[in-house]
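Paired with chain B in one complex and with chain C in the other, chain A is shared by the two complexes that follow.
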Partner chain A sequence: MKKVVDVSIPIGPIHPCFKEPCRIKCETSGERVLTTEVELGYVKKGIEKIMVGRPWQETIFLAERVCGICSVVHNTAIVEALEEISGITVPRRAQILRIILNELDRIQSHLLANYSYCYTIEHETLAMYLLNLRETSMDAIEMMTGTRIMTAYVVPGGVREDLSDKNAAGILEATYTLETELKRFVKMFETGPMIALRSKGIGVLSVEDALASGVVGPTARANGLPRDAREPDPLYHELGWHMILRTESDNFARIMLRFQELFQSINIIRNGLAALEPGKIRNGGTMKAGKVKHTVEAPRGALTYDIEIDSAGQVVSVSIQTPSIPNIEVASHAMMKNLASIADVTSTFISADPCIACAER
Partner chain B sequence: MTVFSYISEFLRPSWIKTFFTVKTPPLVSPPYFRNFPTLTGKECTHCLTCKMICPSPGAIDVIQTAGVWNPQIIQGHCVRCGYCVEACPEGVLTSGDLLARKKEQGLIFTHEYIIKIDTDKCMGCGNCTTACPVNREIDPQIGAGGTSFSDKVLIRVEHGKNTVLHNELCKGCKTCMETCPNGAIHVIRNVVALQEEK
Partner chain C sequence: MTVLQKLKNAVRKRSIHVCYVNTGSCNGCDIEILACLAPKYDIEQYGIYVHNNPREADVILVTGGMSAQWLDKLPDLWDRVPEPKAVVTIGNCPISGCVFNRPGKLINPPVSKYIPVTAAVPGCPPRPSEIISAILGAADILFKDYEIHQTEKKGGSHK
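Presenting the complex of A and B:
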């Protein structure tokens, strides 16, 4: 008779499935995973401490470097927090340009998340298709800002550069490429029987656990929880945003929700390009002293900047609450509890889209 | 069903065309790519605006070679933000099509300098006041202890503490910061991103 043994299996810090170093300690009974724990701290950067005592034109570059995947939204979040403190108004054209860039950023982040999930469940063909498609959105970002990742596009009172008609046409063309290609890939993911075997009913997050933890972003929305920081923004509603929810709350739901949000982002970009009217893109404005807690919706969930600045615009204290922190916690303590196989640990972890660089800012 | 879906996937004309004609695309940067700033050949006036606005320490330096001042980019430190290109009043630097966009859309960065004195740390020695080049130009008779009879100076020592009188005169040279033994004085540049009306 086979003897069931209790083993503690470490996964990481270096593992082909992880984009960044982290370690998952799994307590197993035979093949069944009883409980897991995620250990972070391999790439701590200390950006919050470096920001203290610096004016805005330096902190916005530091904020971008918190995370290489969602750098645009970090830039937007800190600038909007500073604008809220100082009472700076932004022209409508600049607001729409910011939304277009943020949605392009969301597209490339969701595509990367779905790529890494497909790669983790060893569907490398679809993974490489998605990664190839991500280049289209990266090229659109470059068309708009001049760089692919560290865009430095958002400044207090507006944006850096205006969008020319030629580049707007290029971005519109990119959205059509993205949509036609994505339709095929979503069909491949949705109807693939092997993908369903590895995804459906695995890593289910119960409603009690989801409510008890502070789960945010697509991970929460795949559980039926309407948590989206874009909801209070009237401009997003004007451009055709609505809450997308799924209720299966397993790995499949989380990936499918990101696919659905991609189509919504494409729609928002098109509506935004259509709504662009000629006008100013910068209002200027000087900094005033104050303290604010500002939340924006990053690709992974609610991103909060708790920032205090003095009268000269220098940062007195800053605390960055990234969406990956609650999502990693809920993945380790609730999703990966009682998994049937040790092989599902990495795929369940990746389905929550953990960003170690964000968590260790 | 699955077999048919695979066949339909691989019989697409675009897939077959890519399969037989695939090659690595040439490494060409698009014209709007914001690369490291390069010189346009216009005359640099040594105003140091590029160095003042640069968010990355030690990324740009203005040096003199054969009697001509020119900015030099240290590529290991430069973050390619393009602030120096936008801030330069003479158009000495360019990066991608940023200089053309700046002229077309009227993008400017203005800045002012704010002197901030930590009164707890300041002991009123007057080192900053005597070292300040603006002060020495306005009042050459400035006292060794930092006292001055002129009301037009930038900073002076009053009642044992340093006091800022005319903040708008500050040129941002940060000489005061270097001479302060206690680290009590700070020069902060406050940048404002603006667009000129056309």
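Presenting the complex of A and C:
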């Protein structure tokens, strides 16, 4: 009797499915994947190390460049952490403008994640539809801030510039385009029989594994775990935020949850635009020394900045805990374990929306 | 010019295969390259195809400022790309390291130290339209009459 030889298949670091370099080593028996291991370290830039000893003004721009996809939320997180240290209050108009921009950023990030998934399962038509729809949200971000990526819109005490009535109308129009188009694409995704074959029941994350691993963001919410850092924020509740949960915990659930959150983000933006009242967009204040741990909800999950600054305004220590770290871990150790086919490895990995640049910094 | 060369010029002009290599960027430039794929910019109407496979690429788009892992891997990858080939760097990082080139850095810019760079697009990140025009501009100069230039070079060296 012949013994079945286990083959170790490497995927990456340059691979058509990956936006970023990472390497997945798969131990296989026939077509079945037994275990996988994710190898990182290709985009390590040492941002936390560069930040130490620099004045806080510079760290805002460095923090933004942790990740290009969710640059807005990194900007928001560090600025809110600095405000918490110094006790600077933010006017209501600026708070709402921040939420509008963050939700626009969430829309483009979720659309990119779902594009990547559809591209990985070779449904290129739907992928291109989603990528084209993403341009609508990028245009809305450009209308609001002046740039597409690296907006530097959130500054301590408020926001950089006001939203004019004309641009507010433009963003409102964009939300209607997004909603009508999205409804069509969600139906395509929900009812596509081939998509269901590649997605339903694949990459299932068990509740025990999810609880043990500290998974965050849409990956946790698709598992029925109510983990969302927006929950304690009263302004989000006022603008119509509520927890969206799914319980199937497979690839299909994770992508569908992102689609559902897109509709919620659109709703929050509309409510935010309606709630905008004329007023100040920036308050003054003095920076103080202190140490704080601040958490905000990034498109991929809870993002924590643990920052300490001294009386001269220089950063003493900083630690950035990004949501991709637990999500990549759980993808490699629990989701991709015992998959039926090698082809499902990349699609399961992408369904967790890994951001390597975030994870390595 | 032979008929074959004319044919090659005509074909190459409408078939530029692109592979992008992230050597430690923040994703900003990468998603702007990705945005070029969207029907709004429609990179494929110019005959540029993003395959992300170095073995069939004509143009390598390099983003990022060379992290330690890539120091030996990028020249190795460059060797595997079939001729004719070109490198276009996207963003500030491959040129200077941008904000990451500070005391305590872990990156080693510029990329031109390791592989020959044909064109560089500055910006943090550059717009998709700038990326498309850079690829088209570099490809026009490099791939036209490639074989004729190669024989001229070889003839020159034999004299």
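Rule of thumb we're sticking to: the second predicted complex is superposed on the first by the 357 of 361 C-alpha atoms of A that agree within 3 Å, B and C clash if a C-alpha of one lies under 4 Å from a C-alpha of the other, contacts with A are read in each partner's own complex, and residues count from 1 in each chain.
Throughout what follows, a contact is a pair of C-beta atoms (placed from the backbone, for glycine too) under 8 Å apart; a residue touches a chain by one contact, two chains touch by 3 or more.
Computed from a prediction, not measured in an experiment: that's the story for all the values here.
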Combined model on chain A: chain C and chain B, fit or clash: fit
Touching partner for A:191 - first (chain B), second (chain C), both, neither: first
Partner chain in contact with A:162 - chain B first, chain C second, else both or neither: first
Inter-centroid angle chain B-chain A-chain C after superposition on A [Cα, multiple of 10°]: 70
Contacts of A:61 with chain B and chain C, given as first, second, both or neither: both
First (chain B), second (chain C), both or neither touched by A:278: neither
Chain B versus chain C as contact partner of A:146, first or second or both or neither: first
First (chain B), second (chain C), both or neither touched by A:234: neither
Shortest CA-CA distance between chain B and chain C [superposed frame, angstrom]: 6
Touching both chain C and chain B, counted on chain A across the two superposed complexes: 61, 150
Residues of chain C defined as touching chain A within the complex: 19, 21-32, 34-35, 37-40, 51-54, 64-65, 67-70, 73, 77, 98-100, 102-107, 124-125, 127
For the chain A and chain C complex, residues of the former touching the latter: 13-16, 18-21, 41-47, 49-50, 52, 54, 61-62, 65-69, 71, 112, 128, 131-132, 134-135, 138, 148-150, 355, 357
Parts of chain B lying in touch with chain A, wherever the complex brings them together: 2, 5, 9, 30, 32-34, 53, 55-56, 79-83, 86, 95-98, 101, 105, 107, 110, 114, 116, 188-195
Chain A residues touching chain B - in the complex, by the definition given at the top: 55-58, 60-61, 142-143, 145-147, 150, 152, 155-158, 160-162, 167, 188, 191, 193, 280-282, 284-287, 311-314
